[in-house]
Amino acid sequence: MSMGIYFILALLISALVLFFSKKGKSPLLAGVFVFVQIIFSLYAFINKDLKELQYFTFDALSLVFLLLLSFISLATFAHSVSYLKDASKRGKSLFYLSFIAINVALTGVYTANNIIVAWIFIELTTLSAAGLINHNRNMNSLEATWKYVFICSVGIAIAYIGILFASATAGAGYSSDMSFQSLQEIFKHTNPVFLKLAFLLILAGYSSKMEVFPLYTIGIDANYAAPAPVSAFLSTALVNGGFIAFTRIFMAMSGTSISLWMDKVLIITGILSLLVSAIYMQKAKNLKRLFAYSTVEHLGIILISLSLGKIGIYIALFQLCLHSFIKSGLFYQSGILHQVLKSYKFHKAGGYMKINPLGGIILLTGMILITAIPPSGIFISEFMLFRELGNGHWIIFIIVAVLISFIMYGIFTKNSLILFGEPDVIHPKSVKTPFWEYITQLTFFAIAIAACFYIPDFLNNLFKTVSGIGGEIDLSIFNF
Amino acid sequence: MIFNIVVSSWIGINALIPRLFLGTAMNFKNPGGVFNYIECDKLSAFFILIINFTVLTGFIYAGGYLKPYLNRKPASWIKLHYLAIVLLHLSMIMVTLFRNALGFMIVWELMTLSSFILVIFDYDVTGTIKIGINYLVQMHIGMLFILSALIMSSHGCQIISFDNLSGWFCNNPNWPVYLLFFIGFGLKAGFFLLHTWLPDAHPAAPSHVSGMMSGVMIKLGIYGILRVTTYLQNDLQAIGASVLVFSAITGIFGVMMAILQHDIKKLLAYHSIENIGIIGMGIGLGIFGEATGNYIISAAGFAGALLHTLNHSLFKSLLFYSSGSVIQQIHTRNVERMGGLIKFMSFTAGAFLIGALAISGLPPFNGFVSEFLIYSSFIHGLTGAGFYSIILFFVSMISLVLIGGLALLCFTKVFGIVFLGQARFKYEHEPKEASGGMIVAELLIIVPVILIGILPVMATKPILNVVNAVFSSDARISQLNIVAPLKSVSVAAMIFLIFLGVMFLLRYLVFRKKTITIAPTWGCGYTAVDEKQQYTATSFVQEYAELINPFIKTGNTDVKFTSDEIFPGSREFHSHSDDNIRLKVINRPATFMVNILRKAAVFQTGKLQHYVLYALLFLVLIFLLTYLKLI
Amino acid sequence: MTALILLLITSLFFTGILVKIKNFCSGKKGPGIFQPLKNVWVLLRKGAVYSETTSLIIRIAPIVIFCAMFMAVLLVPVAGFKPLISFNGDFILFAYVLALGRFMIIIAAFDSGSSFEGMGASREALYGMLIEPAFFILMGSLCLFTGQTSLNDIFNIFKGGNFDLVFGLAAVYILGNIALVENSRIPIDDPKTHLELTMIHEVMVLDTSGFDLALIQITSFLRFAVFGSLIASVIIPWNLPAYIRLVLFFIVQVLFSVSIGIIESFRARYKMNRNQQYIITISLSAFILFIVVLLTKNIL
Amino acid sequence: MLILLYILFGMSLVYIAATERFKIYIQVYILQGILLFGMAIIQLRDFNFLNLSLILAETILFKSIVVPYMLRKILQRTRIYNVHKKSVPGNYTVMLMSVFLVISLLMAFVLSVPSIERVYLVIAFFSLFTGLLLISARKLLFAHLVGFLIIENAVFLFSIAIGKEFPLLVNTGILLDIFIAVLIMSTFLTRIGHKMHSFEAETLTKLKD
């Protein structure tokens, strides 16, 4: 029911946005929507496992990311308001329209309990993302948008074929109901060849959303061309959407005979993603692209940890949440940086620490957190990952360790150019950034740091329910 | 506000420590909470003492040292710097306290991180950032080594912790895990081949930071090695021997490189490597002694190592601080541009002299005591041990002797060139004596330096307690064989001092009525002497450089004369000595790898079709792998 | 105590004899045996001249050097007469106080900022660094041989064992060479300093005068005496009655000084850049001794 | 009857791969829509109004009327009709097509399950490969768009082949998605055409490191 109300409200608000687009009331309306979003996620959190409109369920996995989404969309909204100060009314209304649309679509992706429905909403995210990416309306954004929309659509079409295969040979006697629970049953009796093919196609297709190898490139272009708050949104909430859509299918398949094979494929994909991010970080000339590559890196790590069974899923969730916080914070900061230095380019911009010390320190902190150096919470998850790799997968352990070191080197060398390097042209600090713009990053980083020392129980329980761990593995290392 | 935090943190910890130190090992076990895995035995307590003292002096010194920067750097950056000092202090203390891997790793990385922020304080000096990042990444790699060792050793345990080591070491060969640990901690401590970050990081950092880092932070690598050593069960002989030899190489390499340096802080950094080598010798001896069940050797070795850790933290920080005062005044680290500073900054000169004497291991200063302990361990080994172990001991003892001699050569050079004679170049402004805070800090260090030198027993007894508590050794024997000679050493030192006093009195009496005339330096009949003709550091070590040329190349760069120039223009010439180990072992492979990565980046064409093709190729790859049963 | 007194006595006339011998060999009459002492006495009564570039260092250095030497004296056994201070591993202290003296004299040389003294200083530092291992190798091998770790017991070699004599003589040879280097005599250095920019030791004290110079000279007397008595206590059997040992001791000392004198008059000095080789050779021979000892201990 | 449709469809694919003229793309695409309609009708198990209308909407309305209309609009707006570049020569593409045909035959045989019409699989795979070929071998964005549409046809064929009916709501959702996708793509294509007066994919390679 509430889902329906939510959809209706969303529709209503977007209609109003369209209607008032001349009046320039769109920010207000979008604010209202964000409020609705937050209320909705809280509602969802209060009554768990509620089934809505037959296709949506508020299970633990969706709840985690709904809460996350409400955080991120609030922050993104706040930043976009200041970002769009001097945008045209039409541009604003279009922007907020797509913003609302993508929020709705993501909510759909998170909560969908049906493989096809999830697919539909994924496609919707692509389409609504187009409006956000192309906001600047210059050549770069146009190119990025075209590539993003096109390749995402192709990928998702391929994923659809995969889904068809997966559900194909369930043989007679099985309901054509495509909800994940029933799929879990169906897959047990599906021809493994088909299943493998399906998994492969789905992985390849959704990789465009998850920003992992092979279709990671478009995500990077999108992050680069989009406005900074949007990049923050894309590389966290949207990526999480792709991750959920994939993980649900993965978990449905993991009971079957091909699970070992899947693990290996995941490890290969993860390592390849790590590799490409390590490679391109040495080359990146642009701050936002650098951050985008670090997203690729983290998703690669997450895929690897997915292949490690239940605890692996726990690790993946943990890392994904923290990554969302830190990465979005970094992108917001990069927006402020662009206001100050007028450029993202490493060889143009520089001396940020001198020009804007607070921002500089925030950037430094974010850089430290994203490279999983304590007190970053990601360190915990990577520690657990290494621990898991430690029993049996020493080769992967070594590969991951080496690549992570390279990535760390890349991030630090590149970022230090911006932070401490000499700018080739020094802009007088024209815009005085108001303090509240830093608050989002400070809070997010604070959360990420706090996670290193303490996990709130409800979150811990959510993760446990998702990964189906229960009590049998001892997480007492979180005791402090 | 930062200041308050720091002060309170010390007052708390300083109050806490002596109880820990003297009292038996205490062991919080209240369920849950941060104290769940904290355990403070005597070893930790000992290191905490060192940390507190050095950080205290470092902080006092920093107050004076950072004054000139206050207006040049953004205030928030200075704040961050102080914050990092506090963080470094706390994390170092926590490192000594934590036993479980996660907590240990977190604080270990925090330590690296805060020191990184401290190192890049002078970020607008070119190269500083690069050095800092290099340091950070190397430490990260070291962390991964330690992590892998811990994970490997606590295989199948609920909680990864150092406490699992004893179990693992009982049932498995010790050396592989120990090797991993040694690499991991050795990277922090700066052993040979693992040292490459060290000679850069110390000069790049401001002096109080170098003092703290070289004084205590790299010692935590030693702490880690000792901690792991306490759990060792078998392979002791092999491990001990290899550690001994490796440390000997480290020591000799460090001091050999140090002599050739003309950047004063780089020189001191190489000396840290040397001293780490000496400490490592002590540890190796200790392990070896345990292996052969000869407790005198082991006790003397471990005690020597611990005492030298303490001593080195003292005199090395003293040296860094005093050199820092010099650098602050004349804005260069090149010794060739200094000279005659004793007349301007006499106290700093005195402090440096004491530090130099101590680090050269000369009586009656503390450096001698710890080296004496290690020596006595050696000679005990000589008097009663097997054939091969005698050769081992003998060779490494001789290397220790060499280290001593070389250190003397090095520090006579530094002190002579920097403080004595005349200024070789004109200083841009008259150097002034260091400000109050810095002097106080140096005084604070000088006191224990001399005290330990005169009353070694006072320092050695507690350390022997630590050794007896932590390592398996016999209290009686150690008391008998180790403390007794030290007693006579202190007697000798007393006599020496008394005699010194008497002689000064005598000199005073003699010169009371005599005429003291001041004349120019005698130039052997050559009258037009000027400061440019003084002996330089390069020429001082030239013979030595020729001697060791096979091992360490020293190159010159100069501009050759061409035939066509009738009136040759100005020429410039300077000699340099480069750390081949660093070039060959670290830089080349690293750059090689990075270049490979760069080359691999051609795949990103920006063409949409290619991206789709990659997806296809990925599918095909997986198909093939599956088809060929590879996965 | 006796050891101390004996040492002091020998140190009084040692140099005198040396000079006498040299003059005799070169067919001169030469001054009396006690001339060096007279010189010292004269110096003691003189005032002092300091270079204007000098600082406190050159004023305190001679005293420290002297005291360090005196410490060494206190540690040295004399032919079975126990030294004042003796403990396990005291030879380490012995070596390091000598090193302390070296350190001080080097920086004192630097203090005058002269263009010559630095050269001497650098040589002194290098040779000191090279000669220390020789001493330690010798000591180590004697430790190994006797199983003792203090000078007093180490030098009590003669116990009538098979190899005592061999080792004793080898030790004497090495000690003699070390003494030559430490006291910077020919073939390392020429105290008469016919240039090669005025050699090692003498050049370092160019700017010292009066009381300080006197102290430094006394120090060199003492150094001779110390090494002499080390040699003496190696080759004199300790189990003889005291008076015989006394006599033998003086004889050995005289012989030692005579031999040095003869060496100085009949032997050419090495080129400076050959010295390192020579010193390393000493260490090498010490090492050979060590190997031999090792083999005898473990095989025979 | 069916066989004829298959063959026609296959022919159309070969043709579309070989040609480079936009007009022909559009016409062939219309033809494919009609063919698909035929197949769907023949395959349809139970005739009821809803399914019929849905199929009509999916094939005739969507594939043969709306999309071609949009494509034409693009061409008219941007006034780009003729082809400048030809990345892989036509004859090579035809060879490639035959190779793909063989591959898709093989795959269809590998994945042969009684519950699936093998022939559909062959055609579906074939059209999938054709679409990918169009995307990766042609250098014109318009061709890429057409390639995407062909892939969508492949999806449709797969869904026929597997013969699963989804609930109506879901089906409409899918349809809507694809429709919006095509809409947005065409708008962007128009924009790009306006900005650069050509569909050269080469001009869209600014974004890289």
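Every chain is named by a letter (A, B, C and D) in the order it is written, and numbering of its residues begins at 1.
The definition used in the following text is that a residue touches a chain if its C-beta (ideal position, glycine included) is under 8 Å from a C-beta of that chain, and two chains touch if they have at least 3 such contacts.
Please read all numbers here as calculations on a predicted model, not as lab measurements.
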item: If a chain touches chain B and chain C alike, it appears here; value: none
item: Centroid comparison with chain A (C-alpha atoms), farthest chain; value: C
item: Chain B and chain D: spacing of chain centres that average the CA atoms, whole Å; value: 69
item: Gap in Å, rounded to a whole number, between the CA centres of chain D and chain C; value: 101
item: For chain A paired with chain B, centre-to-centre distance based on mean C-alpha positions, whole Å; value: 44
item: Rounded Å distance, chain A centre to chain C centre (Cα mean); value: 79
item: Set of chain B residues in contact with two or more other chains; value: 601, 604, 608, 612
item: Numbers and ranges of chain D residues touching at least 2 other chains; value: 135, 144, 204, 206-207, 209
item: In chain A, residues with contacts to at least two other chains; value: 147, 150, 154, 158, 280, 283
item: Pairwise chain contacts under the document criterion; value: A-B, A-D, B-C, B-D
item: In the complex, chain B residues that touch chain A; value: 32-34, 36-37, 74-77, 80, 100-103, 105-107, 109-110, 112-113, 117, 120, 123-124, 129-130, 132-133, 136-137, 140-141, 144, 147-148, 151-152, 155-156, 158-160, 593-594, 597-598, 600-601, 604, 608, 611-612, 614-615, 617-619, 622-623, 625-626, 631
item: Interface residues, chain B side, partner chain C - complex; value: 339-340, 342-343, 346, 349, 353, 357, 360-363, 368, 371-372, 375-376, 379-380, 382-384, 387, 390-391, 394, 397-398, 401-402, 404-406, 408-409, 411-413, 415-417, 419-422, 481, 484-485, 487-489, 491-492, 495-496, 499-500, 503-504, 507, 510-511, 514-524, 529, 531, 533-535, 539-544, 547
item: Contact footprint of chain D on chain A as seen in their complex; value: 114, 116-117, 119-120, 123-124, 126-127, 130, 134, 139-140, 142-147, 149-150, 153-154, 157-158, 160-161, 164-165, 167-169, 171-172, 176, 178, 191, 193-194, 197, 221, 224-225, 280, 283-286, 289
item: Residues of chain B touching chain D in the complex; value: 601, 604-610, 612-613, 616
item: Parts of chain D lying in touch with chain A, wherever the complex brings them together; value: 110-111, 113, 115-116, 128, 135, 141, 144-145, 148, 151-152, 154-155, 158-159, 162, 164-166, 170, 173-174, 177-178, 180-181, 184-185, 188-189, 191-192, 195, 204, 206-207, 209
